[in-house]
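Think of it as A, B, C and D in the order they're written, each chain with its own count starting at 1.
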Amino acid sequence: VKSTAIKIAYIGGGSRYWARELLADLAQSARLTGEVVLFDIDRPAAEKNVAVANAIFGRPEARTRFSVRAATRVADALRGADFVVLSIEPGPTSLRYVDLEIPARFGIVQPVGDTTGPGGIARALRSIPTYSEFARQIAAHCPKAWVINYTNPMTLCTAALYAAAPRIKAFGCCHEVFHTQDRLAGYVARWFGCPQPPRGEIKVDLNGINHFTWITAASWQGHDLMPRLRALVSKPSFFRSRADEARKNKSAEQYFHSPGLVAFDLLRRFGALGAAGDRHLAEFVPWYAVNEAELHRWGVVLTPFSWRLRRSRKADTRLEEFSTGPLKASGEEGVKLIEALAGIAPLHTNVNLPNRGQSPDLLPGHVVETNAVFRRDRVTPVVAQALPAGPAALVRRVIQVQQLTLKAALERDPDLAFQAMLLDPLVHIPANDAHKMFKAMMRLLAPHLPGWRASGKN
Amino acid sequence: VKSTAIKIAYIGGGSRYWARELLADLAQSARLTGEVVLFDIDRPAAEKNVAVANAIFGRPEARTRFSVRAATRVADALRGADFVVLSIEPGPTSLRYVDLEIPARFGIVQPVGDTTGPGGIARALRSIPTYSEFARQIAAHCPKAWVINYTNPMTLCTAALYAAAPRIKAFGCCHEVFHTQDRLAGYVARWFGCPQPPRGEIKVDLNGINHFTWITAASWQGHDLMPRLRALVSKPSFFRSRADEARKNKSAEQYFHSPGLVAFDLLRRFGALGAAGDRHLAEFVPWYAVNEAELHRWGVVLTPFSWRLRRSRKADTRLEEFSTGPLKASGEEGVKLIEALAGIAPLHTNVNLPNRGQSPDLLPGHVVETNAVFRRDRVTPVVAQALPAGPAALVRRVIQVQQLTLKAALERDPDLAFQAMLLDPLVHIPANDAHKMFKAMMRLLAPHLPGWRASGKN
Amino acid sequence: VKSTAIKIAYIGGGSRYWARELLADLAQSARLTGEVVLFDIDRPAAEKNVAVANAIFGRPEARTRFSVRAATRVADALRGADFVVLSIEPGPTSLRYVDLEIPARFGIVQPVGDTTGPGGIARALRSIPTYSEFARQIAAHCPKAWVINYTNPMTLCTAALYAAAPRIKAFGCCHEVFHTQDRLAGYVARWFGCPQPPRGEIKVDLNGINHFTWITAASWQGHDLMPRLRALVSKPSFFRSRADEARKNKSAEQYFHSPGLVAFDLLRRFGALGAAGDRHLAEFVPWYAVNEAELHRWGVVLTPFSWRLRRSRKADTRLEEFSTGPLKASGEEGVKLIEALAGIAPLHTNVNLPNRGQSPDLLPGHVVETNAVFRRDRVTPVVAQALPAGPAALVRRVIQVQQLTLKAALERDPDLAFQAMLLDPLVHIPANDAHKMFKAMMRLLAPHLPGWRASGKN
Amino acid sequence: VKSTAIKIAYIGGGSRYWARELLADLAQSARLTGEVVLFDIDRPAAEKNVAVANAIFGRPEARTRFSVRAATRVADALRGADFVVLSIEPGPTSLRYVDLEIPARFGIVQPVGDTTGPGGIARALRSIPTYSEFARQIAAHCPKAWVINYTNPMTLCTAALYAAAPRIKAFGCCHEVFHTQDRLAGYVARWFGCPQPPRGEIKVDLNGINHFTWITAASWQGHDLMPRLRALVSKPSFFRSRADEARKNKSAEQYFHSPGLVAFDLLRRFGALGAAGDRHLAEFVPWYAVNEAELHRWGVVLTPFSWRLRRSRKADTRLEEFSTGPLKASGEEGVKLIEALAGIAPLHTNVNLPNRGQSPDLLPGHVVETNAVFRRDRVTPVVAQALPAGPAALVRRVIQVQQLTLKAALERDPDLAFQAMLLDPLVHIPANDAHKMFKAMMRLLAPHLPGWRASGKN
């Protein structure tokens, strides 16, 4: 079997695990070889990743070799690339103050704040210009490359690529659905008395938008899992308060554990299972993130901004550790997707793509998340089962907000941006307070919003 | 000129001004004659209206005569009718406790609560079965009659008629847009130094749903009013707090005065003017009806349930007074619409009808409010100007709630009804509290919801 | 009552009655005054029209005066215009050889050949670039002007304006529906034993595309005319062959008389009445214009190309006669439309406009013909009754051809143009013959199709 | 590995190869076992198939056993079935006189006449009531069964199932695309100098309706085949007349050989490759089946009705031969689809299903043909690439005819049926002749159209 040689441009990733995980997965792919060019606006971070990469490909268990280098200009990285991976942090971590702390002052709390709500909108406003520029560069330097986006807000970053370059071959990837499959695999083990099956054996029908995706059907080996899940959520005890655990997790700085109650409450109330972590799901509707105490009741813990700042500074140390361990599969699918698109082996998985018909009940053209078939040079979404009326309505109202946000960013229009904010389901504060919040956020975002016109509104 | 003879069936109206105002307007129409048959489940109320009607048609200034009688069965009233007027109170006034007081206990306040929000949903759930039955009776006894609906929730009562009898010739009428035109006529007088023109001279482009209709363009004698309106709302002083006036109005039991600030704030924030009273508009979004104090800030006063109860008991006295004064035009359009449909004179006005294309940016089939041309046996909506993106998004999310509410009522499904409640923009309380509120409401509504299945949800 | 002063730019019209009829109607409008500027690529023709205009406005029965002049550049005519009238002949009459004679050599006969079929497509291909240029000039020189198009192919000329300038305020006007109303008025006189009512009393529900418009309902004074029309077409004798009359008309060079049988056969077969002359209707389907004999059977006579050429040379003489007679109403509506848009008196009539919802069953955005309300600075289409399934299908397949034709012209793509030709219902000849026909036509059209790319197809 | 036990109901197939081929393929499937119940209105034919089946399963190379029996009532066959195969001849072969000979008398020739054109419409009218009844029986006796339809007209038979039982799990299967893949595989061998690859290696993007499906992209091992195909059709010699070969084939009664020129001419003219045999493709447009000579020019030979009659009588003899040979794969996919739906191995292939989004540019709900993923208890279509404008227009006009035909059959309305006939692209004869043809056809179809209302039309 001969290897396929490819060029991968990796944009961003300097301060994150993502790049190194992808490099490690690549090292385990016997069928691929070629070149990886890293670009990060933090040039030393990219250089460090080159060193890590060389260590990775030099390990005895590596099954292939790639030449790895850092580029000083994004155009150098992109030129002639077959694949482009986009994984950036839109602005320094200190900007997360805008996303999380300013809204909190007005009573709006968000566990993540990178996808929806005031935090997600703020992040979208500053990411979209960057992504428009990526799209233009890709159209100029590697128009036929496949572009894999990992950055949040996933939906709007991917949408921004298509808005700027309609023929781009881009899609968004996210592991939240995998975690839901893993959780279901755990139940399968319990229900059927077998070892926990790999998540790929949990077949799901998927429909929605990233981080607010819904499972309308799930089966394992032909066993329909939905009746068992419905039985589970029919027991009041299942939904007992998790406030104590949450408070303990908060003290222990364990912010990312959550028992999945929100996903299941959506199943109880709306008849379809939320297919993302509760920290995300709770941000799309106004009934869980009412305040910190209510989030605790569902076992969701807020991540303090101060901790986020500290972690970002410690990132280097953690990365050191990474490159010295033995190679193992990351659980992410990036390399499998690349293999499928390179013609090595087809793959059936979930993906974020503009809606050409795969979500017939959602807005045409909007970036939605469904299953898709990946094969040589093709990503073809499959047509999703329709969402029940309730979940469809919930998703549609978020899509409205996302559409307004995108329009605001593309037209550089602060008034539209404020309209998006007012329409977000998390914003139910007095209109004038909302406007104060918005102005406070925009003041700090201003340096990242070049060319915006001023608002005429008082 | 000879008169056209028609039969009008008037269903409901026993305890309200509406019937008597229509009778008075009818008495002033030189071109119509015929028969009016009144039906009300409160038979004595209908009988009283017959007496009033005879007094009205007996007055010297009456220009026509109609024979008027009360029917004991709705079928008798409908048989052979050319026009059916529907104007009922869905359930006794005491049921408004469900609409207003139970939500208030959970922190959700509504000035009117008959159209949207928890109150509007509760009222829709109990009105829809009644309207389904009206539709069946009309299809059986007068399938070619024009059906004029005055009952709230306007959108869903009208939708229920079409759901049960798709070929029904029904439409909904509302005077809220007239009041907005009157307000604009007042500004015209001020701006142009002329006497206040009649509202018909204020030409408006309309689009939306009842009580959440929007004016996207307005002119008077060819003068574009929009730039002047935008100048108005660009002054911060225009939006100064009206809390003092509101508190005074509250003390004086003046619940229905409001300065229109909400309609204008929507213009400021969203670029189109709200075309209904603020008491209604404030219920469609979560930024004004946050609590009583916030409503006062905008000059909107809550109407106490106790006062409503008292007024409904006093209705008789007020009606006595009505029938003794001289005939004058009510300002309502019912009789003009009847004249237009009878072929006497065409009319261009606003109307609520299923969306066949008149609101291209809103859901097809949903009952929307736009302008229309009334002529002999035809109501033809005109195609509305598209709403700007923001108002379109605001209206669409309410339409989602209305669609779920209708589906819940038609399928008698409490779980869908709760989903509608959760999706309503006014509901931003913890999910479990919302469920408690919903169960409390449903307990009192149960006698009015025959045949509903029980919820399996805890 | 004071007059409203307007500027009208009249583009084209040099060799046609149209301009002079409009001028005569204008002279009879007591409420309008101002300036008319004529532009024609045939400058002497425009000059002659100025002279005629001065004669018209100088007549004793003229109720107003307009200053009239000819412009040497189209920009001069347009600058500051309130209204633009477009009424051109796309290319010299000799080009009609392409439209009519080449197809005839391949067995495809067309009575008019200016709207659909190979002739209509050829005419569209050469008109669209001219109309694109008009749109750009109007956008530059009088972007707020109302643009009235009289040129055929009406649908695609109007569509070309919107394609080049989406914010243009243009619509297409056609009198074919008026003639159908006149025909119905004639039946009313016969059926009701009354004098023939004016066509405005015949109320019709209209839907379709220009020259292939359908009447789905018709009434006079509240009398439904449809049952009587259906009774008419249920008699076989009604459809007896008109071949003898047709041959007589042919000998007498009476090409434009036709008994309306095709319009009525459409009613018989498809349940809705064709609302245009048979010479047009017969070109949209392949069952009447099979050959000359079959057309004669329906009373439709082909107009020889030679006669057309002769007439165009004689035009001058006929025009002389025109200007010396007394002023009388032309029956056209142009001036009434201008009055309505100037705010003088609203008008309810038919119009060709991009479909924003007025024809919910036809393609959104395509130029369709329906009723509309004209009032001050507004043309608002009303929502048409849906077409029955059969007529809807007939119209949709023509819309497909028109869409392809427009795309071909805008992209200057001969292969798309040939696809449009192959898809036209009149083209049912062998594919290779069709290609020969197409190439023969394109060879003569080439000078009028600047910038087209060559076809790569053999 | 253990076998999965299933019950298959096979309806029809008595007089055809299909049933026996499926049985032979089944015998080669090591992973399936269970029961096959045959039902045919020709009971002896079904009995004969049982005997053949027993011979097949008794052969030494058979890898599984199924018990096989014939049922006397369709309900017995269906009860408890996991899979239902539908493969009937709608009416006796003598009825093909209606489909083929009557139209031919009016100048309309069809090589197959089972899908589209007057023949296809006639066949649809008599099949649809049968299929409505199948759907009702399946809903009653095996609502969860997967239903595989092989009968033509594929689109309308499948549509009839969904019209009568919207929750049915039915799809249509056809091998025409396979043959196109085989043809492309032949070119691959020639172009790349390799052995002819199996058709599964030819990856195609598919979109359209059955027998009028289009390939918009094709590749083999990552090699794009479209540029090579376009080069092929750019040579005039490729399209030289095949009249001589056709006449020879006609003499030799070789009706089913055709060189594929029509499929390639569609590529040349419309930019996408026809993905069905030329005998089918030529019936969807009016430029090839103009007359017999023109069909010969493209190498297509008409099959005489007399020969069809003779063959149907000889069928028995041919079947005898079938059951005695060794088992080999039929090339059909029925058993692979059953395996996939039983959870044994997923399959990616083409299928006919109601359009839920897989053909975004074609009518929602209409049965379309695209690729799909088959896996355990799921058939999920993938979203097809949009058709170019020309092919989309060609397909849409056929969809219009199919929609009218279906509506006519469901409403038992002869006038709608005639409208469908008039709209069919093959019908370009005088309207009155078309009506005569239609009446002649309906006279013979009448016994097969129970409950139809009479036409009021002369």
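One rule holds in what follows: contacts are C-beta pairs under 8 Å (C-beta built on N, C-alpha and C of every residue); 3 or more make two chains touch, one makes a residue touch a chain.
Every value quoted in this text rests on a predicted model; they were computed, and no experiment measured them.
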Take the average of all CA coordinates in chain C, do the same for chain D, and state the distance between these two points in whole angstrom. 44
Round to the nearest whole Å and give the separation of the Cα centres of chain B and chain D. 55
If a residue has to touch 2 or more other chains to count, which residues of chain A qualify? none
What topology does the chain touch graph have (line, ring, star, complete, other)? ring
Going by the touch definition at the top, which pairs of chains touch each other? A-B, A-D, B-C, C-D
Within the complex, which stretch of chain C touches chain B? 203, 205, 219, 221-222, 343, 346, 348, 356-360, 364, 371, 373, 375-378, 380-383, 386
Where on chain C is chain D touching in the complex? 234-236, 239, 265, 268-271, 285-288, 290, 294, 297, 389-390, 393-394, 396-397, 400-401, 403-404, 407, 415-416, 418-419, 422-423, 425, 427-431, 434, 456-458
